[in-house]
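Sharing a structure with you now.
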Amino acid sequence: MSDIPEEKEESLFDAPPMAEQERMVEAILFATAEPVTTAELEARMPHGCDAAEALVYLRKRYEGRGVHVVRVGDAWAMRTASDLGFLMQKETVETRKLSRAAIETLAIIAYHQPVTRAEIEEIRGVSVSRGTVDQLLELEWIRFGRRKMTPGRPVTFVVTPTFLDHFGLENARDLPGLKELRSAGLLENRPPLGVTVSDQDDEDDQAVEGQSELFED
Amino acid sequence: MSDIPEEKEESLFDAPPMAEQERMVEAILFATAEPVTTAELEARMPHGCDAAEALVYLRKRYEGRGVHVVRVGDAWAMRTASDLGFLMQKETVETRKLSRAAIETLAIIAYHQPVTRAEIEEIRGVSVSRGTVDQLLELEWIRFGRRKMTPGRPVTFVVTPTFLDHFGLENARDLPGLKELRSAGLLENRPPLGVTVSDQDDEDDQAVEGQSELFED
Amino acid sequence: MSDNEFQEDKLSVNERLAAEALIVDVEGFEGPLDLLLTLGRTQKLDLRQISILQLARQYLVFVEKAKQLRLELAADYLVMAAWLAFLKSRLLLPPDPKDEGPSGEELAAHLAFQLERLQAMRESAARLMARDQLGRDFFARGITTDVSRVRKVTYTATLLDLMQAYARIRTKDEFRPFVMDRDRVFTMEQALERMRGLIGFAGDWADIVSFLPEGWESDPVKRRSATAATFAASLELVKEGKLVIRQSETFAPIQIRKKDQ
């Protein structure tokens, strides 16, 4: 491109006022993951902007604030003030996905509570490791419920308000049943040959029954 | 823990001055992409801080800037001013285009929540495909709400804070045109005609207006 | 629908063109209400003042035309057509004092309400999508790793994970993609072997059902499997030139006979 049309453009469209340029630099630095050079800033801003000058004003504006405009090499970035680092400790909490064993155990407790360890094992078809239960207890997503009035009086597990809070539920009864999961597309597999529709309904009823015990009181 | 040591602590270490609290809120909100509730803010700040008050000052400070302090449900976040979106082409994430059915279903859930699948189908006049609900659940724009106290106790759908955040809404009451729709009676759940009288009575109880829960206060 | 032709004649050229355009687009409609709404718009009226009677006529004309053009209309459309025909008769005939159901006017008012509500939701959806959106018009912080000091591991899961896990457990018995229930499946190979032994006796036309293996006739699941396998095996034998197969009409018994050599 030759210089002539650009000059013409410059005279036609003046660069935005400096206050506006400052806002632009502020928004770009905020939203961009990497530090940004003044050249990159100007490439993204309207023609005729002076990013370096805008940066001077912006830096001044953030002086003494909780957030600073800092220079990183020949680029610029926004960072939290270093004296407030102690507030960021929670930010570095590393969240990991629950293991499949743990999420399945949790799901069974949520849908069938109050439920004993033996019952969980029967539903999952495998034994439940101590670590899995301990992890769920530690997360405060499950707690011990009342003992079952069956031989051995085994302890039961129930879900906690922390659990409801984490999963955005008002109560465990709001969990959708199998039929609803299926109609929401969360259950892709279809019943195979030999499973009649009435079998299916039985299963749904069971899930609801497990819950009703708990909530009747 | 008894109350006494806490009181002692409070008298020994006064809460930081409000200007300092404002810096702290600024740093935390700045460093966190997700909205943060005032409760979470205060849990991270020194004892005795008033995050709500600090937020009032902070919001004012960012008025008209390139970055704003916005409310999302009962949480707060920093977001770039939307008039500067044109600067951000580089940051824009290509989102999967929603189908017309998905967009309409989303709008119906937002305006009529809590709403059952049958009610959505009644409004649209066609059945809701599993893929549509699945997609909205995956985007975390909708979630299961509490069950309706009607025969069959169907699950309901409601919109999430992620939905509010995405569309820049403080809460579901700010949906565009909500008041007009309500006063025009278009959020009413009128039962279809031709049902028997006893059914009608049952359904009248259910004919609460959409969004009623939100307006209880 | 005796007044259809009369109705068609009354349509102006523009209306007729619009109706034809609609028919071409029939698959673009999301159900009968959507179609009614589009037809209603051609009345160029406020939805509150729409003539339901006229709308019902337009709809019925539309469905009739679609039938003439042999377009496949989903059952929903035909159900709505039947309902609108009923509504039309209610609106045109004097009310029967013995009839307790809702009056034609009430039914029409409800339909008008449904249309207005759908229209309102459409507009709301459009307004919602026109709003500034996160990640398109306004943006969250680009990085959130300013500080990294204390590392604490916590575990998380979403409601979706939870529900999917439960669904997985409760359906694990049904979800066995590679394990077929062999004892209830009659394979084509088995059927073919059986048929090869039997076709020598099939000199005359015989119902394919009579070739089902013993003990597979009563249980519906087993019968389905055996029938499918026997049919497939028959086709295979026809291909090999050993059998002739025939069926007089749809759903009539399928008959086979040994091919004359």
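Letters A, B and C mark the chains in the order given here, with residues in each chain numbered from 1 onward.
In this section, a residue touches a chain if its C-beta (ideal position, glycine included) is under 8 Å from a C-beta of that chain, and two chains touch if they have at least 3 such contacts.
This one's a predicted model, so the numbers in the text were calculated from it and none came from an experiment.
J.: Which chains sit in contact with both members of the pair chain B and chain C?
T.: A
J.: Average the CA atoms of each chain to get its centre, and name the chain whose centre is farthest from that of chain A.
T.: In terms of C-alpha centroids, the chain at the greatest distance from chain A is C.
J.: Go ahead and note the Å separation of the Cα centroids belonging to chain A and chain C.
T.: 37
J.: I'd like to verify one number: the distance from the centre of chain A to the centre of chain B, where each centre is the average of its C-alpha atoms, in whole angstrom.
T.: 15
J.: Listing for chain B: what residues touch at least two other chains?
T.: Only 30-32, 78, 80-81, 88, 91, 137, 143-144 qualify.
J.: Give the residues of chain C that touch two or more other chains, as numbers and ranges in rising order.
T.: 139-142, 144, 146-147, 158-160
J.: Sort out for me which residues of chain C touch chain A in the complex.
T.: Checking each residue of chain C against chain A gives 139-172, 174-177, 181, 184-185, 221, 225.
J.: Can you list the chain A residues touching chain B in their complex?
T.: Chain A reaches chain B through residues 22-28, 30-32, 44-45, 65-67, 78, 80-81, 84, 87-91, 168-171, 173-176, 180, 183-186.
J.: Show which residues of chain A lie in contact with chain C when the two form their complex.
T.: Its residues touching chain C are 27, 30-34, 79-80, 85, 88-89, 91-98, 100, 102-104, 106-108, 110-111, 123-125, 135, 139, 166-169, 175-176, 178, 181-182, 186-187, 189-195, 203, 207.
J.: Would you pull the chain C residues touching chain B in the complex into a rising list?
T.: 30-34, 76, 101-102, 106-107, 110, 113-114, 116-118, 120-125, 127-129, 131-142, 144, 146-147, 158-160
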